[in-house]
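Take a look at the structures listed below.
In what comes next, subunit A is part of two complexes: it sits with subunit B in the first one and with subunit C in the second one.
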Partner chain A sequence: MERLSFLHKAERRAGGRRPMAIVGVVASGNLEVLVERVLPSTECVVEIATTAHGFGEVWRAVVADFVERRSPGGLKFSINDGGARPDTVALRLAQGARTIEIDTL
Partner chain B sequence: MTDWTREREARDARIAAGRAFADGKVVARESAKALLEVIIRPGDRVCLEGDNQKQADLLAEALARVDPDKVHDLHMVQSGIVLPAHLDVFDRKIARRLDYAYSGPQAGRIAKMLFGGQIALGAVHTYLELFARYFVDLTPQVALIAAVSADREGNLYTGPNTEDTPTVVEATTFKNGLVVAQVNEIVDRVPRVDIPGDRVHFVVDARKPFYVEPLFTRDPGAITETQILTAMLAIRGIYAEYGVQRLNHGIGFNTAAIELLLPTYGERLGLKGKIATRWALNPHPTLIPAIESGWVQQIHCFGSEVGMDDYIRARSDIFFTGPDGSLRSNRAFCQTAGLYACDMFIGSTLQIDLEGHSSTVTTSRIAGFGGAPNMGSDARGRRHPSAAWLQAGREADPDRAPALRRGRKLVVQIGETFGEKNVPLFVEQLDALALAEKLDLDLAPVMVYADDVTHIVTEEGIANLLLCRSRDEREQAIRGVAGYTDVGRGRDAGMVRRLRERGVIRRPEDLDIDPLDADRSMLAARSIKELVQWSGGLYRPPSQFRNW
Partner chain C sequence: MTEATLSPPLAGAPSLISWYEATARQRLAALLDPPSFDEFLGPDQREVSPHLPIFDLPEQFDDGMIVGRGLLDGCPVLVAAQEGRFMGGAFGEVHGAKLTGLLRAARDIPGVTVLILFDTGGVRLQEANAGELAIAEIMRAMIEARRAGTRVVGLIGGRAGCYGGGGLIAGCCSVLVVSEQGRISVSGPEVIETNRGVEEFDARDRALVWRTMGGKHRRLIGGADLFAGDSVDSFRAAAITAIQRAEPFSQDVLAAEQARLKERLSRFGACTDATEVWAALGIERPELVPAMVTDDFITLANSKQEAHRGAR
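Coming up: the complex of A and B.
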């Protein structure tokens, strides 16, 4: 298991008031994302535990683009990755950011 | 004194020789090989019917068993290299030269044989291009075709899978060639006459159905959320944006996802009746929910699809059917329809380079072209306007006087940035170039040329190449949707940002696409079984697609 952590400045606070959300599943080629509203509103942290080693640079790029496009200020993302492709990772992060914005689901 | 009728006399002599194995026109399947040995001469151009769907399989196997001392140096001119027998004729030195269009299932073996020099390759064509050459410089002396049934006069019923047959017969019979048909059965009266009997010289009673590959069946169960996201991007950013009414789809999962999103996502966007109403398309099972929901007005087909015949028969307002009620397909006409009367082609590919050239060739596999380069190209002879075509032309050339400005066909490549086995879709250089060098070909086998491609869609967004004004912009637009592939990570972030501001690149969030909609629950059918339910039980999927 490889552990990675990225800290970013975010332009804006993520919308909504929900404290927590979960998207995805732990499975091969997939990932589970736990989103928690626990940080100052201009910070974003993404922590990754992955079974696939040696992809740190790709994770760094995916996370940086995600923060730039979605501005998820105040959110901490904890990822449990089963070796998902970058497209799946990017989609799950976006889904996590959207889910916590929606106050009633 | 010039003899102007030598071809006809030669044909008559072959027919006379073949009669030894026939009762009238009818030949028993056991005599097929002996028949071929007397009617085919060394050096003949032979069309062995077979494309990406139907196959004259019995005649292919018979040809592969003829005595190479009697029949050799043939020049095969045929749509598909699909069955093992199609290559066995080269292994056994019965055939030497090859001009063809499609070789999907034999992609690995044909590559080895081309590298090994067992096949002298003329060219890899599109279907329509090969058909055109049948009438100019690749006219067959002998055509070996497949039909469902024949009467004793040789009238043929080719049925739902008519496909290439009328074209092959036209080119062969009317230029003094000889036509042999394998048929599933001999009947007193055919359900409808697809090929008149005076164009057919021998009928081989195969006593079994000819083979048909279910190439256009995509199991909705295998569609991923990323593919759904690309499909939503295409619907909002291209179909709705240009108001695309008339179109053709490729066979990939991304376009299958689009078909299954029309009655759900498309409906929600209020697009019913405004997009995707008229099609040049095989009867894709994944289009059933859209048809049943009233999205589709008309479909003309290249061929049929296994299991769809009863459904088509019951939906004759949508499909082209004969007096007997069954589908009449025609590949040449449908390819022409796709070229001249469709405003969009959208399909998947294996490799896209930095200019936008795309190819399905890899270093060890040569799958050929089929119809995609024809569908996926701008028809320079087109003269009728449509809103979508004019809008694309305006984007490409905004400064020209409108009355003198050509429109443009929308040619869209769609796929995930990483394909099967995590192979990147985007490459610095196509494998097709290495192949052309290795085989000493004048042309690299490019599926869709860069100057025909108008849009590239991935999960990262849409690159609108019509709006690019320089080579640099084009390269950065492509890199900008190439995600986390090496090509994507090599992008110039500043330039990509500016291209996005101009709408050259549009991300899902620019098109108001909610990532939470990229969910399988959005598909109108999530399994083959649900497609059967949508069809009211009329769709009968082949056994390999039944898991219940």
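Coming up: the complex of A and C.
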């Protein structure tokens, strides 16, 4: 298991008031993203546990792109990865950020 | 315990959400009255499997089992849902302990109903001993809860079906709802073929798998009590009916079930294919059953199923 952690500064606090959201499942080519509103509003942390070793630089690029696009300030993202491709990861991160912003489902 | 742990529902009207395609969380969100679901030991508690890291396998924050409480048509229910896409929905130590705990809680809440959304291949091989023990503990907890008056409704229509120990647990429920996509058995197709040979069972023959273990056959021979379409709406309606249908548990119920199974064996024991069983049930064109649409099949099943006589 390879564990990665990325800390970013975010320009804006993520919208909404929900404390937590979870999207995705841990399956082949898929991942789960647990989103928790537990950080100061200008910080964003993404922690990853993946069985696919040696892709740290790809993760770094996907996470940096995500933080720049969504500015998810105050959110901690915890990922269990089942070998998802970068495009799937980007979509799940965006889905997680969107889900925690929706106050009523 | 927080209220905010559900995934967003799939796009489209609730009636169009496929039970088979949905995740466990999407099924719960659409099955229960919104927004009544309240999860116990949610993913933020990170009660993960202690065994999977030994094999360098990824964990899931809820270990593939979501438990909690909510309302179904205004009635309080306890719910458990398996995520069939994580480890094939298989039972491990934590996964099983969450269901055991829920059933023990149910035992102490008079008149409560438990809904179990099965989606499982059986016991997780990586934690086999803990998983097998969990199956035994769950069955004991379920029987104790039913003796105390709890109704346990099983809902089966997921990708993984309901196999192995999951099939045993389903057999202990008060009422089972199944869809065409749901399969209920103990040994799965590959297990039978591996142990007894391809002449005994060809696991690659999908039509054979479905007519032997699939929802329609289980409904016709009384292995399941109600048949649902693949939509979440259909499962919701069937679950509400199932709660009303569940009979109190007693020694008489067990004796009736034993008699029913004995009669089934004497009546159908010589059949070599499900279509022969359906013909013996008095279905005129058994070869048409697999292609039959849901409503027509429900009408057929209600007219042809074996006499129930208080069994289960």
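Rule of thumb we're sticking to: the second predicted complex is superposed on the first by the 105 of 105 C-alpha atoms of A that agree within 3 Å, B and C clash if a C-alpha of one lies under 4 Å from a C-alpha of the other, contacts with A are read in each partner's own complex, and residues count from 1 in each chain.
Just so we're on the same page, a contact is a pair of C-beta atoms (placed from the backbone, for glycine too) under 8 Å apart; a residue touches a chain by one contact, two chains touch by 3 or more.
This structure is a prediction, so every number in the text was calculated from the model and none was measured.
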Just from the overlay, do subunit B and subunit C fit on subunit A, or is there a clash?
fit
In the three-chain superposition, say which chain, subunit B or subunit C, touches more residues of subunit A.
C
If we overlay the two complexes on their shared chain A, which of subunit B and subunit C does A:69 touch? Say first, second, both or neither.
first
Looking at the overlay, what does A:21 touch: subunit B (first), subunit C (second), both, or neither?
second
Is A:80 touching anything from subunit B or subunit C once the two structures are fitted on A? First, second, both or neither.
second
Of the partners subunit B and subunit C, which touch A:32 in the superposed model: first, second, both, neither?
second
Could you look at A:7 and tell me whether it touches subunit B, subunit C, both or neither (first, second, both, neither)?
neither
Is A:99 touching the first partner subunit B, the second partner subunit C, both, or neither of them?
both
When the two structures are overlaid on chain A, which partner does A:58 contact: first (subunit B), second (subunit C), both, or neither?
first
Can A:91 be said to touch subunit B (first), subunit C (second), both, or neither?
first
Between the C-alpha centres of subunit B and subunit C, what angle is opened at the C-alpha centre of subunit A, expressed to the nearest 10°?
80
Rounded to a whole Å, what is the shortest Cα gap between subunit B and subunit C in the overlaid structures?
5
In the superposed arrangement, what residues of subunit A touch both subunit B and subunit C?
95, 98-99
List of subunit A residues in touch with subunit B within their complex
58, 61-62, 69-70, 85-88, 90-91, 94-95, 98-99
Touching subunit C in the complex: which residues of subunit A?
1, 18-23, 25-27, 30, 32, 34, 36, 49-51, 78, 80-82, 95, 98-99, 102, 104-105
In their complex, what parts of subunit C are in touch with subunit A?
2, 4-9, 23, 25, 29, 34-35, 42-44, 53, 56-62, 83, 85-86
Subunit B residues touching subunit A in their complex are 224-226, 229, 416-418, 422, 458-460, 483-484, 489, 507-509, 514-516, 518
